[in-house]
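What follows is a structure written as structure tokens; I'll ask about it next.
A, B, C and D are the chain letters, set down in written order, and residue numbers restart from 1 in every chain.
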């Protein structure tokens, strides 16, 4: 559902943000080493909710951190005793500003795997207690292709509140979910619904945004074709350029591979869960030495098909949300977009 | 500098005479002026080959993977790249007869801000040190200068510097892109991947990252040729060159001005010694 | 133990994190990695000649200083140690001819690198102690212990303390 | 699952006096892997060891920690105890709580106790990571190879052979004997060199355990201690030794005359020749560079006159192989060429000769039948000037070191000159007189007093010709003024240098050599006859300048070493050596570079199971590896591990504190 729209301007928005930062534990894109990452902020000056997508990490780490303690253990002559970690899965309300539409969608996609089979309580807690305010891009990045995937970017319900910079210089704050609506109502910003032309302005903005895309593809066609292309030789050719650095997986808003490691000192230790990537040669290495994906192209095939076929089959959503980050941070600029199209259009 | 034409000619010659199975060069990106490594087996692709001051990536990295390792490869190298290649030859990773090296006398490449990259400004050896064919005119060895950032950091107070590096290690997500993009990290199985946690910090904690990056930089001490592939690959844009330059600096000052990969059969500073090495830091 | 009491009074601060002060009665842990032929023999001699030195050092025996991989040092500092002492044969006396020459190069670079990323240079120290230098070993340990007591406990880059 | 037993020793009051042993035991009991922890007064005593043995059996222990004195003290004792209990002896770890705790922290009992606990915890941690190791036994081929047939080689060969160990003696010239055979008399006793040497030479030839291969060179050596394989090139002698009787007709008849190097080219020999009358073997060889038959294909007179028909111009070099267990290198020395001394007119004035030339002259069997003469006119010299340190101790023109023997042989020459030419007078210019050795100083005195040789301390600045005399101008430092001596003959005591092909030989054998080309010993003080490469030993001047007594002593020392090496059928070796994990090895060969013993080689293995493509990996030669661990520290991919000091063991120690 799309809730009511508030029309305001730069200063209004600023006030809105400042109020939030004042009231809640707020996260927003903060620049470090020329890269934006979602960090806790105490005042608006520190962050930039309109950070360019090319230079912004996804919000994934706020829900699925790059490393987390799973448990503690202690060994003595009585045996091994396991205990909870001191890490607190988020309790209080949390707000994230400047989330990109694709990232928000990414979380939606991740939810599927996290509430299926094993329920990851920590993740659920973090999701439940977080309100996502996303800003719609005005221009697509060089590698973006979110609009040509299986979800409606314009009316996405992946975020609670949507902020749109109208072409007319006005700014529209739109409640998307009930959660968002109540939140908006609670805020001091004037509530009365804005001028009737708001909806047109929104769609106008979206039109221009949509037209700015360099990359476009026919998703359903690609998806359909890929289902039959498991043995495509193309995977070998496209993977030959890949240097196997795993960056794509680590910065991807939807990749969720992880590894488990123990760190111990004396007789105590902690078990960690940390990011890993299916591009790692040893990722599928089994005890006894068998490895179903010993060579790069097989790992690439897994990556591409998992994103565009398997996940869709299982959860009805495409695992890739078209943010193009993999292509941006890939040292040799391999884009999942090019890959799937190349393979599909053989 | 633009050697696209020459390189295309050489490449087609090599394919024609069946001297190579692969050719590794650069190709223009479709959407901006940056370039990407370009691995070709089919002569028809040759016209796409380019080489300008945007040909940044160190192609020696492409002699690592299994599908090129034991094949006959023709590739383009700049000064720093050729030093890396030199080390790969010395360390028996590449057979000399298997590679046809087109050495380019580099005039420095541009970074994404379109200005001369820092490592090119401080470059000691812009000319190829090993090659079959040289393009451009050599400008000779330059004077060694201490990296500017190192100088800056040296001025900092100890705990400030520690804070700075802590922030670097915190921002590391341990994707190991640095390692994979480094032409000199060719180990069959990297010690940082060995999942025996008593040995290694497997976790992505800042201390784990510190452990990994420090060990890594020490494995490259006296070998790093400052091509900055690692930095280009790093998704968190971490200034990884700091650790390497620091080591390089210490080694240059203390061990007979040693610089990595300059001479043939030089394995790096840790694999030889001199009786006159500094002893004053030892009680 | 007077010395110790005094330290408690004047509150030792960790050099790397000036924010943190040492708990009362804090004593540093120092890991000593000694080569089997010179330094370990030397430390034995210190014992047999009953020369007293501070009890903070824990000694690990290795065949040769060239066996010491730099990341042993990093590992020690990250886990249990507040400081590390590595000791081998004097140049030219190496039981394995040239081991300590290779080691010497690695140590210099490692020491500088650790200092560069924010460890105090005295956290990691090196010495040449021959099998005959019992007294010297005691002196070295005393000095290193003193230095590290001054530096305070090491928290920087520690593995999360469990 | 590890089951560790901890055994804490009181060592009387030595440990218990300071460390609270019961408390330590209690702490040890708390540790997960520890199944039993007990204390005892003297663990090293028989009852103590019995306790350990029983505990091992009763508690099915997988590793044992003994907390007592230094492992350097009793490690072997306790290892034995373990193996007696049927346990692998290398599952033992010793926590050194005496030398490292009780004895050095006597004033602070609590700290000492805490430290003892930590040390034990570390030992337990390490022991858990211990692996079962087994003593390596390397088979030995009981045959020694001696390179060089000078007095050093001869002595070594004889001593080894007398212990009934077969020896292969390789000499590159046609006869053994070496430099000593060229000498006339030897200091300080002036007994005739030939008289004491030739019997030994004959012994070598006739010894049942010695295989003498003259006129040949070692061209290849591979393998390791106890198991070397040597390739030896026999140079073509063109004479079939098996039939040749050594009658000497051929040498008389041969028309070609060649300068005779044995006599320092003072006279001529034939193109087919035996180097000297007492040569062993006493068979002639043809000098291919000068034989007209071999050069131009005509002549062949020797063949005509040889009744046995032993001459064979078709003969070619042949390469033979020998399997050997140890090598003795005794390649001797060369003489330094005094050319750089132009100011002395070296090369211009005939009557300036080197000591060895003089030695040959005064030798009864020499070119001048024992009478020194002036090469220029053949007259017998009256005033002879000897100049010492020609090349020695002269960084500018020659070499830095002292050749050690010149002082003595010059004194000898003065005496010999006096014997041969009674009205002669010897002047000796010297820097110092270094006469350290039994009867040496007396000998020099004898030269000074008995033969009234004039010793002038100072360097010679110039030699110039005056009539048929040589004017030697030098400084006499004692009176502090320039002196000129009118000499008939000038003898230069030239330095001795390492044989010029030593470096080549060293590379071929894989031993190290110093900047002068002398082969280096394993330890300057404690291992003076071994090289760094196990099973290869050094005798004589090939290691450093020596006189005959020292040379012979070192040769015998080599023999003793060889015999020791061969005392058993196999050599027992400590198993604490490096091993390589091929899976991880990336073949960068850094280990090969840093290994001080050349114990690491490379081998090619298939890329994957059954694949044709090969990759290079390092390979440790367990016969040679001494277990220093240099390779482990430089192995970036952690493919190498050093048994007894593996990474897990050391890390366990670090994290256990």
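We adopt the following convention: a contact is a pair of C-beta atoms (placed from the backbone, for glycine too) under 8 Å apart; a residue touches a chain by one contact, two chains touch by 3 or more.
Worth saying up front: this structure is predicted, and the values here are computed from it rather than measured.
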| item | value |
| --- | --- |
| Interchain contact steps from chain A to chain B (minimum; 1 if touching) | 1 |
| Between B-D and A-C, the pair joined by more C-beta contacts | B-D |
| Closest chain to the centre of mass proxy, which here is the mean CA position | B |
| Taking each chain's C-alpha mean as its centre, the one farthest from chain C | A |
| Centroid spacing, where centroids are CA-atom means, of chain A and chain C in whole angstrom | 47 |
| Distance between the centres, which are taken as Cα means, of chain D and chain B, whole angstrom | 45 |
| Whole-Å gap separating chain A and chain D, where each centre is the average of the chain's CA atoms | 71 |
| Interchain centroid distance [CA atoms averaged], chain C/chain D, Å | 39 |
| Per-residue multi-chain contacts in chain A, two or more chains | 263-266 |
| Junction residues of chain B - those touching two or more other chains | 189, 198, 201, 205, 270-271 |
| Residues within chain C bordering two or more other chains | 75, 79-80, 98, 102, 106, 159-160 |
| Overall pattern in which the protein chains touch one another (line/ring/star/complete/other) | complete |
| Contacting residues of chain D [partner chain C, same complex] | 70-73, 96, 98-101, 103-108, 111-112, 114-115, 118-119, 122, 522, 532, 576, 594, 596, 626-630, 632-634, 642, 645, 647, 650-651, 653-657 |
| For the chain D and chain B complex, residues of the former touching the latter | 583-590, 593-594, 602, 613, 616, 634, 636-639, 647-648, 651-652, 655 |
| Contact set on chain B toward chain D in their complex | 70, 91-93, 186-191, 194, 196, 198-199, 219, 267, 270-272 |
| Interfacial residue positions of chain C with respect to chain D in the complex | 1, 27, 29, 31, 40-41, 43-44, 46-48, 50-53, 55, 58-64, 66-69, 72, 75-76, 79-81, 95-99, 102-103, 106, 138 |
| Residue numbers on chain A that touch chain D, as the complex places them | 75-77, 79-80, 264-267 |
